[in-house]
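Across the two complexes that follow, chain A remains constant while its partner is chain B and subsequently chain C.
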Partner chain A sequence: MNPSPSPPRDPDLLEEALGLGRGGSPPWRLAFVEDCVETSGAFVLHHFLKRALSTEGDGTVIFLGLAQPFSHYDRVLRKMGCNLSVQRNKNKLHFIDLLNLEFLGADEKGENDIEIGFMDLYNRILRYIEAIRSKDYNGGWTTIIIDDLSHLEIAAHGSVKHVLDFLQYCGSLTSEMDCSLVILNHEDIHSSDEALQMLSHLDYISDVLIKAETLSTGIAADVHGQMTVIIKDAPGGLIKKLHSFQFKVKENGVEFFYPGSRF
Partner chain B sequence: MATAADGRLQGARSASASSFSRARSSPSAVLPSPRNPGVKLGPNGATFVSSGIPDLDRILGGGFLLGSLVMVMEDADAPHHLLLLRNFMSQGVVHRQPVLFASPLRDPRAFLGTLPSPVSSSKEHRQRETTVDHNQQDQEKGLRIAWQYKKYFGDQQSSQIHNRDVKQEFSNDFDLRKTLERQHVQHIEIMSIQDIPHLTILRDRCSNFLSGLPRSDGGNLSAGRIAIQSLCAPQCGYAEMDWDLVAFIRFLRSIIRSSNVVAVITFPTSFLSPAFLKRWQHLADTLLSVRAIPDEDKDMAKLLTGYQDMLGLLHVHKVAQNNSQVPTVLEASTFSLKLQKRRYLVLERLNQAPVEASSGTSYSTSGTCSGPSKGSSLDF
Partner chain C sequence: MAESISRSLRDGCLEGEHAPALTIEDSLASPFGSHVFDHFLANLASQIADGTSQARGLVLVALNRSPSFYIDLLRRKGVDASLVDKWVRILDCYSDPLGWKNRIPPLTNVQKPSTREHVSFFRDVRDINKLLSSVLDLGKGFVGQGKTRFAVAVDLVSNLLRHTSLPSVAGLLNNLRSNDQISCIFWLIHSDLHEPRVSAALAYVSTVVASVQPIMQLTDEHRSRRDFLWLQKNSCKAKFCVRLKRRNGRVKLLAEELHMDQVGVKFAAVTSENSFVNKSLLPKVQFNLQLSDQERVDRAKVVLPYEHQGNGEAIEIYDGRRSLSDDQKDPHSVQPSTFSATTDAQANSGNGEIHYIRDSDDEQPDSDEDPDDDLDI
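Moving on, here comes the complex of A and B:
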């Protein structure tokens, strides 16, 4: 199908940009992946998921699947060479199926319900982490992945306060419990005036921002979009490093390359 | 006698099946499920149903994905989205798939009277098909043979819903000037969402519809269709209910994900704030928009061929990607919506006008459908 010889293997620019070595812990705690309608950033989550599960160190993942059912992730990751069902049975992956998550019933509107719902969710995550750390814990790194934040907002019926509180709690987990948090968020939803508060808050608490955008010329067969990785020296701090490159998503992984370097 | 005939029928079927599997070698071709012509299997464990517009099926790489949510952004001034809805529902009727229709009209039943009827005989229609490559003609022939046999043996399945001369195909052409007869559309479940203050009722209706679907057993895939017209139109009375609406869409999306149903929602964009418009777009698996074109735009008429025949434009923003992370890259994302012979809806790529005023070629004749793997041939 592909007559041309495969190009020499590019260094993984995303890993480089994020300062990820072989295995071990990432040098950051809270990463936001921001995408838009034209370019989905879900592949970055798949990348993190695969990476966290495949390292030799006993990485574990807690995955909050709000956007897709487990079967979707299972099929996608299988094509990338990672069997989620097996990882789930080995307790390396804790998949929390939240596709049907709704804190409110269809008609009643109670602030309390949202709060209780978020507390339940947080406690579930906490229980998983404690379970991971209790039994023969050997310093493995835990990654919490949320796909995606906009669904959490819908489940909370638009209550920004509760969502931010929840993220605050999860953020505190990362410093107490040796784990990192990766959250997919749709940037274009929050870029209008009324929702800017959310975005600036998220911007503040994160220490890594990964933005996936389309090229201004639109999506192309060879370049699916461009990615900007912003590393801050501390949450809310100054920008330490900024990387920019282009990507092409494939079934078995993602190719990253510098603009113009492919041709 | 009967067994020999069955054998021949099988033979005819396998012949058609083999021609289909040959076609499968082309990137985005898909295999029709042998027992149910309304459902087609595709890559990544996907199952498709037809949108009712053969060209649109081809553009989307097979049709609408079962378990996906299709959203159509309406034109503020023109009812072009209704063309898509009508064909979508008619196709469901032809394949005897359960259909649920929710509409802000006071009497949705009246809308069912406007559903187009499938093109009857194979003689005069689909002349453009003659230019399609031979592979496809082979398939047609195979199907026709199987169909002939079915006629001789009085297949029980061709009940009164189907005109005897309508071929059982994955997608039909629909004649917009003829409407489906009343007894055919009476199985469509209808619901008016006008003046219903709570979305709970619509939710219940949708989940009841899903639970009422026949279970699919083994190879015999069944499918259902939900069509919701103008979900956030002002007459629904959903003002100040933005969060309820997105919650409903999320709910619908989550319940159809695990079922054999495709839902199409059309919505007017002007009633949503920019932030919520983006939310709606993110929730869609397949996102389309339709736009009318002004009647007398001299500049455009000079620029594009066949401008006079165009009804409007259809834009493909997003194509459903279940079970895959690779985005679909289309060769073109804007298509002109035309009526062929004032009857059939066709989608054509926009063509810049040459000097002479020849009519543009149909999408089907202009090459294969682009899929994600199509691009790899350009990979160098």
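Moving on, here comes the complex of A and C:
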């Protein structure tokens, strides 16, 4: 008796939306993931991390861990079938532990210290890029992941200007080197005018915006939230494509599906 | 309208006057500003290359995009690469705006992007005076001293405003446009990143403000739902509103429609879509609300009772501009007989009449009776 054919694998709607093929470079440079208290977007970063380190591509990742320690990501990714410790030993993952990052504030040595702190951080990223490119480099793509931007703001004592300067330098890396930048940001922590301007700034400099929200109908057992992916023709440019679908976060990954397709 | 802006940038300024200055402003609701900037940049660069503009060179202050992007853009728009090298200078404030790269060890083993002769790095955007002198030095460097002029383009003033105060930026732009070697200047600003006073302050130092606005206004409902209808309406079209300040202080407001395609932006007169909508909103009735051409001609022929009949004599109508006696003395003025001849000819071509047809016999003929007299208020 022939075994029954396995059910067709669901297409990964997120990858389709982002135009990601097998390995290789993504067709965009700067992606922002926006989430809120009710729906965390951390799983999107895990998804990017796993994909960038997959055996199909020669990608490398520079991960700025501000929100969680390395062991947290290691446990999560292990359940998804990716061993971060091994990847770290193979120099495919460069994890920058920034849990205790705090720049000296203006009260102590002056505002310039925040800038020097960001400059040092930028320098650390550059050194990792240098290390990646120096030996056995075969043209693989580098993904820089920041988890998350709000911690950078805290480290900078709320100085949006310095955070944006740092992002501009990171953004210029994407046009000079073969790399892309993925940043997680919380949408609902900004309320003042200055912070709202920051969200607009991020919108202007990104060419992909991924938004994780709760269902408009409320919490459901089988659907954990909805996702909107906005693809622009250029950073801050016109919206070229807009994808909307729902998701369910599982232990070993995320399931994406169109509204109504599961019931 | 966009063409006349291009012409104004091409023609430059008159001796002793400030250079024409164009502000291009946009917002996230209609983020076509950089495309409009690219359009005017490419137009001016090709005019400079052709030698048809007053400016003999262009200095581009790149704050938002890399110099290589602009070199590719001009090449894509058909400007010869050798002419770009010759007539365009790029001040790169994008790659290292705060001088960090000078303060950290350089990258080794990494292939750096090739630097071109006509690209200069600027590493301290907070120093506005230095920025001003760098722009002027670059311009003077390739057009020389004397009366030759050059154009200046600043790709994103919003980035400058993050590092310096509004008065400094307005001062920089004002100093540039009042410099006697500058032919024209234009810049882009994302208006939603700043308070309204910023746009107003920059509008005061510019002669033309081109504002890119969405065709359909963004409401809270649209924003929260990323509304497909809103996106469809605004994804490839926008309103291009232009505010022109004449030399005598007169302000003119004009509007065009902006269309996006694969090549770039295109400008067109405002389409009759709105009037079409208005027409389609008219209720469908069984009688005509419009007149046919023939009916219009007939109506024009009707001599209204209060109209001067002429009675065979020349019609002399005082138009309030000159006295009749002056008219008669003036040999160049139109003779009254000419006018009367025309009106006679019109009259001979057929007279119109007013026919009144009652809808029904129930309708009372005209009377002075108050139709509402039965109302008991």
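Assume the second predicted complex is superposed on the first by the 246 of 263 C-alpha atoms of A that agree within 3 Å, B and C clash if a C-alpha of one lies under 4 Å from a C-alpha of the other, contacts with A are read in each partner's own complex, and residues count from 1 in each chain.
Assume a contact is a pair of C-beta atoms (placed from the backbone, for glycine too) under 8 Å apart; a residue touches a chain by one contact, two chains touch by 3 or more.
Note that the coordinates shown come from a computational prediction; the quantities given were computed from them, not determined experimentally.
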Key: When chain B and chain C are modelled together on chain A, clash or fit   = fit
Task = Classify the contacts of A:Ile96 with the two partner chains as first (chain B alone), second (chain C alone), both, or neither.
result = neither
Request  = Going by the touch definition up top, name the partner, chain B or chain C, that contacts more of chain A.
outcome  = B
Message = Per the contact definition in the header, classify A:Ser40: touching chain B only (first), chain C only (second), both, or neither.
response = first
Message = Going by the contact rule set out at the top, does A:Leu215 touch chain B (first), chain C (second), both, or neither?
response = neither
Request  = For A:Arg75, decide between first (touching chain B), second (touching chain C), both and neither.
outcome  = first
Ask   = Nearest CA pair across chain B and chain C in the overlay: distance in Å?
value = 18
Note = Seen from chain A, its contact residues with chain B in the complex are 1-4, 37-40, 42-43, 46, 68-69, 71-72, 75-76, 79, 99-100, 102, 104, 106-107, 150-151, 154-155, 157-158, 186, 188-190, 192, 194-195, 218-222, 224, 249-251, 263
Residues on chain B engaged by chain A in the complex (per definition of touch) = 27, 44-45, 198-200, 203, 242-243, 246-247, 250-251, 254-255, 257-258, 273-275, 278-279, 281-282, 287, 317-318, 321-327, 329, 333, 373-380
Ask   = What residues of chain A sit close enough to touch chain C in their complex?
value = 115, 119, 122-123, 126, 129-130, 133-134, 161, 164-165, 168-169, 172, 175-177, 197, 200-201, 203-204, 228, 230, 234, 236-240, 242, 244
Note = Note: in the complex, chain C contacts chain A through residues 28, 31-32, 34-35, 66, 68-69, 94-98, 100, 103-105, 107-110, 112-113, 159, 162-163, 190, 192-194, 226, 228, 231, 235-236, 260
